[in-house]
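Heads up, the next two complexes both have chain A, just with different partners, chain B and then chain C.
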Partner chain A sequence: MNPLILTIILMTVFLGTMIVMASSHWLMIWIGFEMNLLAIIPILMKKYNPRAMEASTKYFLTQATASMLLMMAIIINLMHSGQWTITKVFNPTASIIMTLALAMKLGLTPFHFWVPEVTQGISLTSGLILLTWQKLAPMSILYQISPSINLNILLTMAVLSILVGGWGGLNQTQLRKIMAYSSIAHMGWMTAILVYNPTLTMLNMLIYIMMTLTMFMLFIHSSSTTTLSLSHTWNKAPLITTLILITLLSMGGLPPLSGFMPKWMIIQELTKNSSIILPTLMAIMALLNLYFYTRLTYSTSLTMFPSTNNMKMKWQFETKQITLLPPLIIASSLLLPLTPMLSILD
Partner chain B sequence: MMTYIVFILSVIFVIGFVGFSSKPSPIYGGLVLIVSGGVGCGIIMNFGGSFLGLMVFLIYLGGMLVVFGYTTAMATEQYPEVWVSNATVMGVFLLGLLMEVMLVLYVLKSEEVGVVFKFSSVGDWAIYDIGNSGVFSEEIMGVAALYSYGAWVVVVTGWSLLVGVLVILEVTRGD
Partner chain C sequence: MLKIIIPTIMLMPLTWLSKKNMIWINTTTYSLLISLISLSLLNQPNNNSLNFSLMFFSDPLSAPLLVLTTWLLPLMLMASQHHLSKEPLIRKKLYITMLAMLQTFLIMTFTATELISFYILFEATLVPTLIIITRWGNQTERLNAGLYFLFYTLVGSLPLLVALISIQSLTGSLHFLLIQYWNQALPDSWSNIFLWLACMMAFMVKMPLYGLHLWLPKAHVEAPIAGSMVLAAILLKLGGYGMLRITMMLNPQTNFMAYPFLMLSLWGMIMTSSICLRQTDLKSLIAYSSVSHMALVIVAVLIQTPWSYMGATALMIAHGLTSSMLFCLANSNYERTHSRTMILARGLQTLLPLMAAWWLLASLTNLALPPSINLIGELFVVMSSFSWSNITIILMGANITITALYSLYMLITTQRGKYTHHINSIKPSFTRENALMALHMTPLLLLSLNPKIILGFTY
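This part shows the complex of A and B:
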């Protein structure tokens, strides 16, 4: 793409999310969402093959529907309260419709069907932007309306998302679909704690973004999009296999890595609010996620995966440059001892 | 009839939307959009928004729909689909019409309708006054305020339009 056009479009993606996060008027928030959606379509379509076009179309359709639902919720809120500020949603109907619209944007169950298909059809860098940056705007709105969200709907969607994210990822060998199902499950964890303690939602979002960034950077570095291709990285860059091991285990939520911090805090907050069965279920279902992460580490770092003999030398284009990998690795694996610092938040 | 003019116009509006949602060829969709646009302009004018109604006719029908008509005329096929040519299209159209008729009868018969939000029968659609201030029309003042207090909104919408054009050109560029 022409560099000037690419700059303008990336700036607009950034500006759209910033407008959503910084506005106090519902109309400006909707405008920010639409600007974000419009500008990310050519980024998803970088490759011009039919798969990418189909993925971009699916993304556009689902997000546009979600924006329409959001607009309807905004208008119902306007009808019942007569004002446009975002602080409190006055009508339960508007609140429910808004929650459903934002869940569609995030990819929570039962609106999760687009996430694996869109992530699979686009390039790795576009998938990175899709799964990290695009989650910021809807989550910030959910944070701001969190006092008036219907708990039953949100918790149902969260638990189902963790379930679907875990079960759906079990049969996948394509790395982008694995990351998509991992994103669905993490969104489920984030929205489960939203009503009780929204600060932990932000903490989980931060750590999830760092871990997903790290994973995608490692995939981009080894130019691999399938498990088989990833299992050949021991050949080209053995250090990458160790980093993949550490980051995947961190994503699975194992102590002493930093992925454990959000899960621990969330379970603690949920039990403080006298719900015991829910966090038990969530922790058990996170094991499904951990299973396919460890299967990836098994094929990548722990064994020399079987392949044909002429594939033993990994063939790839020139190694792509990855940005910021060392700080990301540190941040996604070693942050657990900083947990007592959470007391400064809120 | 004049007290229920907004109700009648909105029924025609919805029937128009059903007409193009049943997906005949885009030429016929554009035709129905003209009708819906005109009727929508009537609805807005009944709420006192004469300037905005004029905007609908000038900009929407006279600008955007004309360009849409030209591009569709360039890209149309030899035998475009009408509502009666394809069983699916006719079926969906009739189904939509049926649902609208049922809704109208339900609204006319029962005292109040609570589908997503409540409105009480047909009386809610009758307009008795057009705003609280008797001195000026708020709608034109709102448009003026867009360019003074709401300068940031103008910047944002202008930028969105520019990026919209760039995105469309980028997407249709191909390889």
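This part shows the complex of A and C:
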């Protein structure tokens, strides 16, 4: 794509999210969402093939529906409270509709069906933007309306998302679908704690974005989109295999890596609020996630499958420069000892 | 405590910066020096614990386990030299780094004061062990073994995390020293029963308890020698140590909650000992023997009398040394014949007489011959379980008999009789192997002279 056009489009995506996060008028938020949606469609369609068009269409339809639901919730809120300021939503109907709309945007169960298919149809870089940047705007709205969200709906969606994210990823070999199911599960964790302590939602979002960024950049570096091609990285760049191992185990939430920190904090907050069965259930369902990450590490770093001789020479394109990979690796694996610093957030 | 932890962490830069012909020498020497430093912890003057800082402490229970951990690292390094000799240098360094990382986490686990810090480090020991088993094991089954190991332990320990956090929110602190002093009886309710279960299941899986022991034969058999040594000698004892610490908070539910686990352990020790009599795979026999010995430790911890705690602690240390030595002996067979089948390597006494002496000593300590510390441990456990209920003496007596049977079966099959015709060209024993066995056996024999340092905090 022409660099000037690409810059303009990316700036529009950025501006859309910024408008959502920074405005105090409900209409501006809706405008921000629409701007974001319309500008990201060309990015999703960067590689012009039918699969990408199908993915972009699905994304557009679901997000537009969600925006319309959001608009309806805004209007109901306007009708009942008479003002457009962003505060907690006072009317329960409006609150429920808004929660469902934002869940559709995030990809929570039962609105998760678009995430794997859209992520699979687009290129790795577009998938990166989809799974990290696009989650920021809906999450910021959820953060702002968190005092009024109906707990039953949110917790049901969260627990079902963790279950679906874990179970759905078990049968996948395509890396983008694995990352999509991982995103569904992590969104479930984030929304589960939203009502009790929204700061932890932001913490989880931060660490999730760092880990997903790292994973995608490692995939982009080795240009691999399937488990099979990822298992050839021992040949091309052996250090990448170790990094993939560390980051995947961190995403699975194993101590002493930093992926454990959000899970630990969320379990702590939930337990302090006297719900004991819920965090136990969530933690055990996160083990499903860990299973398919471990399986991925088995094929990539921990074993070397028998390969024929001509497979050992992979096409060596010019090495893509990955910006910021070392700090991202450090951030996604070594942050656990900094957990006591979270006390400054109070 | 930092005087032990920081040198252990620094073992990792030591391996990466050493020259090719010095990696084994450097790491083995420095880890032996670290174990010398840790011996000073055995001097526990009064009944209280030695508190080094707010985060680390050592007590007559954790000090022997700590000394065992630091003693075992040089032995693991010595045992791994042969099977890693053909690997490229970077992979050797990675292996030693994994071992050093595991060692750091283990030392910090045994000396942690705060129970959540104990939990995080307990889980952290899983990652290097998983990598050692899966990356450096020898058969295809190691993938399955790694998965079973990881998931059995995690499913058991996630409820423990929730239970610890809920105890902290109810009582305010999980610092071990505070809990000792303002401990009070847990009220009787259904949720406290589940709390008891949540706290104990993690350690039951780790010990392992008889019904949850499926991961252990897989993991022990598929792991390389250093992995088997550390699994058998230390990681199982993490479960015992955790149980000994956490049962202090769980009274009076333990009085009735312990019954199912006591029954499972009493029955399980006989079952696993009997399975040992029919094993063809040498490492699998030693693995099941570990389950059987640990079942005794579970019985001792759940009975909660002073003598049983002494027996549990002594048995843990004794079994650590014995089991690790048996794995080293099995590995010396494996390196020569590349098979773990017992009958393929018979009659070794004729070919390797000095190794036969070590086999004899290891088998004798495994069957708890007097006056070794294995006997002291088992005897205390048998006596205290007899005082708890007279009928257990039948099961205990049967277990001791069957233990003797399979230990002697293992000894006679591998050492006595006519050697097979295909193994008359094996290499003679290396000095390194003899040194390894001597270094296992000497602490075991010397401790029989002064067992009170390993008898734990109820002495």
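Here is the rule we use: the second predicted complex is superposed on the first by the 339 of 346 C-alpha atoms of A that agree within 3 Å, B and C clash if a C-alpha of one lies under 4 Å from a C-alpha of the other, contacts with A are read in each partner's own complex, and residues count from 1 in each chain.
Just so it is clear, contacts are C-beta pairs under 8 Å (C-beta built on N, C-alpha and C of every residue); 3 or more make two chains touch, one makes a residue touch a chain.
Fair warning: this is a prediction, and the values are worked out from it, not measured in the lab.
**Student:** Where does A:45 make contact in the superposed view: on chain B (first), on chain C (second), on both, or on neither?
**Tutor:** Once the two structures are laid over each other on A, A:45 reaches chain B alone.
**Student:** Contacts for A:162 in the overlay, against chain B (first) and chain C (second): which applies, first, second, both or neither?
**Tutor:** Touch status of A:162: no partner.
**Student:** Go through the superposed model and pick first if A:272 touches only chain B, second if only chain C, both, or neither.
**Tutor:** second
**Student:** Mind working out whether A:255 is in touch with chain B, chain C, both or neither, as first, second, both or neither?
**Tutor:** Only chain C is touched by A:255; chain B is not.
**Student:** Report for A:1: first if it touches chain B alone, second if chain C alone, otherwise both or neither.
**Tutor:** Once the two structures are laid over each other on A, A:1 reaches chain B alone.
**Student:** Pick one for A:9: touches chain B only (first), chain C only (second), both, or neither.
**Tutor:** first
**Student:** Which residues of chain C touch chain A in their complex?
**Tutor:** 105, 120-121, 123-124, 126-127, 130-131, 134-135, 143, 146-147, 150-151, 154-155, 158-159, 161-162, 165-166, 169, 191, 198
**Student:** Which positions of chain A touch chain B when the two form their complex?
**Tutor:** Touch list, chain A to chain B: 1, 5, 8-9, 12, 15, 19, 28, 31, 34-35, 38-39, 41-42, 45, 48, 56, 72, 76, 79-80, 93.
**Student:** Flag every residue of chain A that touches chain C in the complex, lowest number first.
**Tutor:** Counting only chain A, the residues touching chain C are 245, 249, 254-257, 260, 264, 267-268, 271-272, 276, 279-280, 283-284, 287, 290-291, 294, 298, 301-303, 336.
**Student:** In their shared complex, at which residues does chain B touch chain A?
**Tutor:** Residues 116-117, 153, 156-157, 159-160, 163-164, 166-167, 170-171, 174-175 of chain B touch chain A in their complex.
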